[in-house]
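Chain IDs A, B, C, D and E follow the sequence of writing; residue 1 opens each chain.
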Amino acid sequence: MIAGARQGKLSGLRRLTALAMARDLRAFIVPGADIARAHGLDIEAAGMQVVASPRHASVLLVVGVIPPALREAAAVIYAQMMRPRALFVLGPDELDQLPEADIREDLSQQDLIRGVRRLRSAFAEGAFRPDVADFDAPVLHVRIQYTCPMHPEVVQDEPGSCPKCGMNLVAREAPATAGHTHADQPELIVDADTHATPAQDHAAQHGMNHDAPAEYTCPMHPEVVQNEPGSCPECGMNLELRETKGTKSHEDAGISPDSDHSSMDHNHMDHGDMAFMSMVGVTKDLPRSSDGLPMDWIDVPFGPFFPGLPGGLLLTLTLDGDTVAGSSVQTPGGNEELLQHSALDAGSFIERLAKVEPLAPVSYRLLACRATENAAGVEVPAATACARVGALERERIASHLGWLALFGQQTGFDWLQRCAASLQLKVQNAGIRQVLALKPDIAFLIKRLHRTPLLKSRTAGVGRLAPNAALRGPVARAAGIGNDARSTDPSYAALGFTPVCREGCDALARLQVRVEEITHGLALIVAAGAIELPAPINIGEASGAGEAAVETPRGVARLRLTLEKGRVTAAQLETPSTLHLALIDPLIKQLALGDALLAIGSLDLAPWEVRQ
Amino acid sequence: MNVELLLALVTGAALFGVGIYGALSQTNLVMIMMGVELILAAAMVNLVAFWRYLHPDAAAAQMFVLIVMTVMAIEMAVGFGVAIARFRARGSVEMEEAAELKG
Amino acid sequence: MTTVLVLLLLLAAGTYLVAVLEAWTASGRFRLAGPVVAGIALLGREFIVPRKPDRIFFEVAPVLLLLSALLAAAVVPLTPDLIITDLATGALFINAALVYVLVALLMAGWGPNGAYAMIGGWRFLGQLIAYAMLIVMPITAVVMRAESLLTTRIVASQAGLWNIVYQPLGFMLFFVAAMALAFLPPFDLPTAKAELAGGVEAEYSGVRLAIFRLGRLALIVTLAAAAVVFYLGGWQGPWLPPWAWSAIKILAVCATMLLAGRAMPRVRDADLLHWCWILGIPLALLNIFLVGLLVLVLP
Amino acid sequence: MSAQTFFIGFFGLAAVWFGVVVFRTHSMVRSALALLFSQTALGALFLSMQAEFLGVLQIMMMATEMSIMAIFMVMFMMDPGGLGEMDMTHQKRLSLAAGFVAFAAAVAAAVFVDWGPVAGVAPDAAQQTHDLGIELLGRSMLIFETAGVTILTAMIAATAVAMPAVKRIGNK
Amino acid sequence: MSTLEQYGLLVGLAMGTVGFVLGLYALARGLGKARQEPGKDVPATGGQMSREPVWVRYHARYYGYALLFLAFDMEMAFMYPWAVVYKQEGVVALLDMGVFLAVLFLGLLYGWSQGALRRQ
């Protein structure tokens, strides 16, 4: 029996389709395939196919803990799935907006396989049933408002015609509750200006005054704008008068940074008295694209559960055609509360921190261990430190392989996705022997990657980032900054470590750095000779303040903490993705959609570790 | 009088009428071009009908249809070129507004 | 009438095999029953129309996709007699029918009033502008050699030497363009999973999705069959009966098309356009010129 | 009534109906695609009149050209989705009258002109293409080459008008 | 088979396809109606309820190519009949079409030089 069954008696043809549906399970993964892999789950091996759109899915597969900020989104996905639909939850269940899970299992591959088996019989027996209840959640409700497509300031609750232009008002959906509009949530970046357009650069050179009420412009060269009449410096034509409305001139990058920049909201114009619908009026104040055409922009959500991006990244792109004109990013808020519990004993603090980031648990465990050890002034034996390096490097290899899988998915490079994902699953929890046994496979992957046609042209020049202080980890090293916490780490120095550096600053360089680091990681594991998960050392009743830095697969994470009598009373965590998140907006501006997603992907973000 | 020829010619006439209506009534450059396309299409129908029922052996009639088709394509290419230029300069392809702004 | 039915059944069988092949290249598992199960499962699922759609477009698109693939297949011969209708303008008619794939995708993109679908639809129009010339110009070169637009004549003209040897350049261009037409990877821009979450397919569900996918698969078979007729000598070959040769060649071309895209990243739409116009069109013209010389020089 | 007459009437009607839809619908994409299907119906009409090459060519060329028209419509029209149902016509009555007069005059011409004897059979479809080719390389060669030059002019004119000033390329 | 019969067959094929699809729809519909639920018909966008208007003026960046394509495409209309009689006419045909294509190619070159052949 499943809650999302279709209405009807299970008989005849319906039984046949139910049997087929039981064999053909298609899963939409929440929060994302990357998280599922990090938990060691192989969805396809378990017998489900992963799909990109909730419309094509029959199973909503929820993996791990879903932060409160994402539960609404999960409910939306569930609501948009076609019946019969099942909710399959792996791990602890705190899904307040979703219905009771149809199948619940623990987070492991065996449990997943068992769950799939149960799911199959649930579909075969319960895909149709006579009594079905609607699924409903507050987030799904909308209020209908009526607005004029040309005058967005006209909004009313009743249909009718626009008092300004007489057009029929168009129904528009607004959130029923004010709780989750764009503007109410803290946003990191909201930016939709057009300062990169040549038109504006040009205008700036001409040194014009934006506050002028009237402007003269050349009909053939819209970038030529001046205050007094005259002739065009480029073609000699007479300039024509153009009305502007003070600072609302588009050259002025003057879209105020309000988040509600829907396409129609750009035109705050006062042509209410015009009987004729003026297109000039509509487009006059629109920001111009790089080719000088004033187009409508739309805000399109690409997340939090988007197949081509890390799960949990709440990304909204402002698109000008298929070019990115601006973006806004939010994060699920991480597992913030994990750090905020007061006065944990060191052991449970370490366990907690290891769960902060599902994508790199070993690194955070190590970070917590080191910080507590530093605070307590405990020395770690060299052999343990070495084995910890092994574990950290194994995680780095697995994480980079996971990134390669995401990269393969983003670029539609199927073979890479498949190969890297399966290697990641194998490496992730492998012992030293198994890791060494996988060496030839990894070497083959890398060799084949180097010979792939189109790969270079697809990635070179995409997502170029000037070297700056905000870069961490592989992203920094791909920009030529040898920023690596491992360089100062004595246990790494003993193994003969040198950081990988590239000068490209683009997605290709990041790809190369990560691939190189996989090879280096393997060498380091060989040198370390052991892999051992960092375990908390008994620190007794020590007090003090300590700090530690660990080079996670995404860059340096730092932890400062205060110990009082063996308990952690204050902790402060600094993570690489927090800094990288702020890079997204300038990085993707004016890129084509595919390139923009690739550029975001090349940063290898982990939304979970972001603190605000 | 052949019924089929008449049908074809009436179709052509109707398309011609619709095209004239469209070209005259629309305020927008792109829509006006659609009217013109329909007028040209009407010409093609007539040409094909004349070829089929009056001069089936004259390949020149078919050649003429190809030329009309070429004219359609050219009209579109140039028309859209002008539309882009207008839109870049003024943000509109409305004909009336173009007139208003001239003043 | 029997010919038509036999051909439709063969087309269905081909489509089925291609579905199996596609599932195999996508997931690495060869399951002969897979497509049937998936099809029946889709039949049993709900299918809805998104809110505020262009309903007509949304409904027509999948049918039009299937229709254009089927109509194009109607003029492709499997043997000299096994052809639905041997149209005197066959080679041109294939093009004409396949153009409506674009129309179908535009409709599927605009219809549901969803952002991903719309971007996918307009992207495919850009893709058409890239590949269209590369599909018609090589066919012209084929016609030059055969002196006829009849597909059966085109096959007959390759009796001594297959066109893939006679005009390899044309075959390469046609093959690439055909893959772009069927939006197969690496040209799957309108349906890109990771860029548009399914793109034009994203809003289709249930039986409509099934028809859409069926049309797509039939399109692949049709294009492979066209490639066989134009370049691989159609039914010609030693030992085996003609229909067997046609079937083998078509499946081989399908498999090549499906496998070729798995080993490389998706092409950027801007790059595709640029390469097709800067490189592809001059090459296609060169191909026509070379074939023109060959036709005049060789007896 | 023969099947041929039926199909000529049917596709003619379809072409006119789609032609009317072009100016009746508010959605710009619908408008462009209605024109597309109007042209497709005309192609089918040509086929019914046994002009096979022209018919298939019409079906093919117009589909691409009108699809491209759709993208330009979406780029430049105020409300491409037609959600606002705004009226974008002027001098409606005059245009209606003009359209009707044009239609009436053309029909009158069609009816009252004596078209002379009507040919019974059209040449074979393959023959038509062949004849057209011969015509192209023979008597109409100059027309054909002129068409080439005209297309060149159109390409130059379109790009010269539409593209922003060349010197910007260097900046990008 | 006469040409008109051939077209009839194609029309029949088209109608048959439409009939097949409609039959399939009827079958699927017979299994039950889709349930109207809140939020179900909103286009799926990664878990956010996207309420923005989507049908807006879309910026197709390839319009430079599109302009050239509109004109350049016409060459196909002349090339098919030409190709059919090519062998028969010989060198004349080669030269004739050579001149025609060279003229069109000039247009392409001009477009390229003006920056039409790139993403705008």
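Keep this in mind: contacts are C-beta pairs under 8 Å (C-beta built on N, C-alpha and C of every residue); 3 or more make two chains touch, one makes a residue touch a chain.
From a predicted model like this one, the values you see are computed outputs, not experimental measurements.
Trainee: Computing the C-alpha centre of each chain, which chain sits at the greatest distance from chain E?
Mentor: A
Trainee: By mean C-alpha position, what chain is farthest away from chain C?
Mentor: A
Trainee: Which two chains does the highest number of contacting C-beta pairs join?
Mentor: B-D
Trainee: Centroid from C-alpha atoms only, then distance chain A to chain D, rounded to Å. What do you get?
Mentor: 47
Trainee: With centres defined as the mean C-alpha position, give me the chain B-chain C separation in Å.
Mentor: 32
Trainee: So how far apart, in whole Å, are chain A and chain E when each is placed at the average of its C-alpha atoms?
Mentor: A distance of 35 Å separates the two centres.
Trainee: Would you please write down the residue numbers of chain A that are in contact with two or more other chains?
Mentor: Within chain A, the residues that touch at least two other chains are 6, 13-14, 17, 53, 55, 82-83, 149, 279, 282, 290-293, 295, 298, 300, 306, 321-322, 592.
Trainee: I need the residues of chain B touching at least two other chains; which ones are they?
Mentor: 66, 69-70, 73-74, 76-77, 80-81, 84-85, 87-88, 93, 96
Trainee: Taking each residue of chain E in turn, which ones touch at least two of the other chains?
Mentor: Within chain E, residues 3, 27, 31-32, 34-35, 40, 42, 44-46, 50, 52-61, 63, 66-74, 76-78, 80, 83-86, 88, 93, 108, 119 contact more than one other chain.
Trainee: Which two-chain combinations qualify as touching?
Mentor: A-B, A-C, A-D, A-E, B-D, B-E, C-D, C-E, D-E
Trainee: For a test of understanding, state which residues of chain A touch chain C in their complex under the given definition.
Mentor: 6, 13-14, 16-18, 20-21, 23-24, 44, 49, 51-53, 55-56, 58, 82-84, 127, 298, 300, 306-308, 319, 321-322, 408-415, 418, 452-455, 457-458, 592-595, 597
Trainee: If we count contacts the way the header does, which residues on chain D are in touch with chain E in the complex?
Mentor: 3-4, 7, 47-48, 50, 52-53, 57, 60-61, 64-65, 68, 71-72, 74-78, 80-83, 124-125, 129-130, 132-137, 141, 144-145, 147-149, 151-152, 154-156, 158-160, 162-164, 166, 168-169
Trainee: Spell out the part of chain C that touches chain A in their complex, as residue ranges.
Mentor: Within the complex, chain C contacts chain A at residues 25-28, 34, 36-41, 43-48, 115-116, 119, 122-123, 185-186, 188-189, 192-198, 201-206, 209, 261-271.
Trainee: Show me the residue ranges of chain B that touch chain A in the complex, using the header's touch definition.
Mentor: 84-85, 87-94, 96-97, 101
Trainee: Given the complex with chain A, which residues does chain E contribute to the contact?
Mentor: 27, 30-35, 37-40, 42, 44-54, 56-61, 119-120
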